[in-house]
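Shared between the two complexes below is chain A, which pairs with chain B and chain C, respectively.
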Partner chain A sequence: MIVATRPHALTTAPTHYCPGCTHGIIHRLVAEAIDALGIEGRTIGIAPVGCSVLAYNYFNLDMTVAAHGRAPAVATGLKRANPESIVFAYQGDGDLASIGMAEAVHAAARNENITVIFVNNAIYGMTGGQMAPTSLPGQVTQTSPAGRDELLCGFPVKVCEMLAQLDGPEYIARVAANSVKNVLSAKKAIEKAFRNQVEGRGFSLVEVLSSCPTNWGMTPGDALGWMDSTMIPYYPLGVYKDRSAKEAD
Partner chain B sequence: MAKWTILAEGCKGCGLCVEACPKKILCLDSGTINHKGHTPARMMDESRCTGCGFCATMCPDCVITISR
Partner chain C sequence: MAKTVLMKGNEALAEAAIQAGCRHYFGYPITPQTEIGAYLAKRMPEVGGVFLQAESEIAAIHMVYGASCAGKRAMTSSSSPGISLKSEGLSYLAGSDLPAFVVNVQRAGPGLGGIQPAQADYFQATRGGGHGDFRNIVLAPASVQEMASLTLRGFDLADRYNMTAMILTDGTIGQMMEQVTLESAEPTAFEKPWALTGTRCEREKHVITSLYLAPDELEQKNLSRFARYARVQRAETMVETYGMEDAEICLVAYGIAARVSKNAVAAARASGIRAGLIRPITLWPFPAEALANAAEHVRQFLSVELSMGQMIQDIELAIRCRRPVSLVSRVGGMIPTPEQVLLAIERVARGEAI
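The block that comes next holds the complex of A and B.
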């Protein structure tokens, strides 16, 4: 019996991600959810601008790329034109939480029947480690060498808390990819986000806290530890909105 | 008994599997360098592997296959 192997919805192409980057884990979780639901033939993915811009090389799916931050808008069009397709947007925090904030908020408010995987690593990875809207107070980045100063740069954006205030979305959850336990919970959340779409329930967003060892200046192992000690206390894990659970009560 | 295999050419030597292994039977093989210049993970004692899958769960590159 095979306990663990590469899911079918992932190609065999080696990823370009840095060693220890948890993008690879999150790609696998998405592919495993697609395999589990048997929707590989009708799933369309949308890659963002950011480190995961080349995600189309790694999924055995129909893929496209949206302009920076516009993945939920492209997903809206794809889903409305092809209601039978399962459409997901895979976005980073620089993509979704800054330039693409309007698209994400309005797609959630309209309760578009799409799935958004939001990878939050608190930094702009691809461009070399600049401060992101999600960088933590005091976090050292290329553009905040003395640490993020909230008085100067404002406070980090907590996307899940914000979107959960809207009446629109079906499912909003935050998970992390920093330990076996958290990765297994992330797997369940991602699968639920896809199942919601298959069942026609509406907008599902899973925020996955991720690491960026290269730009955080840490070893891969230390980066996961930093997530535990610093990032998760600021971005608490959990389900922020789940309309199906409310209905069941 | 579990059978543990790795696609060493795809391993980036990040060591997340080594940290995740509850039996501490994985290591980075400093004597091997793959084509990308990384030192891939290696199983030191397969007879003690329970096939829990923790290493594969944390592997960002999907290069570990486990069967039992």
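The block that comes next holds the complex of A and C.
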């Protein structure tokens, strides 16, 4: 009996991600959603600048790479040029919540019919662990060696809470990739974010809390625990906006 | 069928983009190119196209990147400060070998500068305008008619060579009204087998990227890109000459400065001074051969520009500094009169310094 197989939308290439990083899980969830909806042949992915810049090696899809933070703008161009295609941007926290904030907010405000997978691991991973817009108060990073000081660096950006204030977007949800239960919720949210696009409903963003054992200086197990103890209390999981659910009420 | 109408330069350019088959415009408001956006906001819906006002110039050029990835003709337009913001996108378009059409209706700088005409973005345009080794095809219209004809040509060149074609014009050409004949021919069709259209689960995936972590691979990408650029230089250089058969004094000017210079050359010739004009229509590729040939019989070159002297360096390079080149310029939004240019011609004709 086959219990689990590789989703067809994923390639067989081994990923370059660090041990304990949850990008691999999130890639798989995206691929499973694409398989489930039968949209592989018309889906186009956009890799960001950051750890997942090479994501195009791992998906069996037409793909491009955007400049740092610009994936929602590139997605807008692709989708407007070919509305039949299913377009998703895969972005990290520095990419989306810092340098690309304007592109993300305005794509949401326009209710651009795209899907954004926003991976928040509270740190710049690829450049070696600098403070991110989502680094937690007190979090030690390369550029906040004494811990993030809110008086000096301000407060973390809560993307879902912020975007949910806009009239534009269709679906905004935060999930986590640190436990079986949370991964199952994440799978549902990601599939919904793609289904919304197939149905023409508009902008859907799923923030996936993720771990970075390498730059957090933790074992993979401790990193998943830190997500439960510290990260999730600051970034509560849940659906922040869901227009179709509201319509159904 | 062709029709002749009276139009502003910016509007003629916008209509020509429609005629070229462009159905995707992404832009952000800035003076003095506003007529392009205003025209296309009305016109695109009429032809089933997309007009989208982006949140920034940066977003607009990356939307062009996305639409170009999909294999569609796409454009953006801006003016000097906005082009600086687009320079990131220009570099990524070049690194990914994507066609794009970009318009710079120049205003005076640096910084916020002013909103009056200038030609101070010559270096930025002709050297690529972003990080890394790359070039854009740079077209410099000198009339409303050329705003239209060079737009049609620009879209074809971009698709033929998979690179950005840029119209480098100024507030005068953009906003003045002239008679223009608009051709309504079928746009040239180009195959784009690399486009991101979805695999249909029938072919290998396409990846469009400017990321090459292996240095030998990236070196090869750069070498093959520059081999393509060399083909552009051989085949696509455009230049107009006026009075150059016997010229001893050669003015070199493009855009609005060329219009002024042509009047000055005519006046000089009427008074017996053997002056001529070389007008680069493509600023990149630069018409170096025409300049080098002229240096055989020209005694003195004058670079007439609305800048502190940028194109003058390309003239000196083209003629290998074999003849003196002097600058005649106004900046900050000022435009020289034909009389001012004529005065410069008369002084060098008498052997005086300018």
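By our rule, the second predicted complex is superposed on the first by the 248 of 249 C-alpha atoms of A that agree within 3 Å, B and C clash if a C-alpha of one lies under 4 Å from a C-alpha of the other, contacts with A are read in each partner's own complex, and residues count from 1 in each chain.
Criterion: a residue touches a chain if its C-beta (ideal position, glycine included) is under 8 Å from a C-beta of that chain, and two chains touch if they have at least 3 such contacts.
Model, not experiment: these values are computed from the prediction.
Asker: Once the two complexes are aligned on chain A, which partner has more residues of chain A within touching range, chain B or chain C?
Answerer: Of chain B and chain C, more residues of chain A lie in contact with C.
Asker: What is the contact status of A:184 with respect to chain B (first) and chain C (second): first, second, both, or neither?
Answerer: first
Asker: Is A:224 contacted by the first partner chain B, the second partner chain C, both or neither?
Answerer: first
Asker: Give one of first, second, both or neither to describe whether A:248 is in contact with chain B, with chain C, with both, or with none.
Answerer: neither
Asker: Please indicate which partner A:151 is in contact with in the superposed arrangement: first for chain B, second for chain C, both, or neither.
Answerer: neither
Asker: Classify the contacts of A:21 with the two partner chains as first (chain B alone), second (chain C alone), both, or neither.
Answerer: Touch status of A:21: first partner only.
Asker: Can you list the chain C residues touching chain A in their complex?
Answerer: 24, 26, 50, 52, 54-56, 58-60, 62-72, 74, 88-89, 92, 96, 196-202, 205-211
Asker: Which bits of chain A are touching chain C when the two form their complex?
Answerer: It comes out as residues 40-44, 46-47, 53-54, 56, 59-67, 70, 73-82, 84-86, 102-103, 105-106.
Asker: Tell me, which parts of chain A touch chain B in their complex?
Answerer: 1-7, 10, 14-15, 17-25, 28, 179-180, 183-184, 213, 219-221, 224
Asker: Under the touch definition given earlier, write down the residues of chain B that touch chain A in their complex.
Answerer: Answer in residue numbers: 2, 9-10, 12-16, 19-20, 36, 38, 51-54, 56-68.
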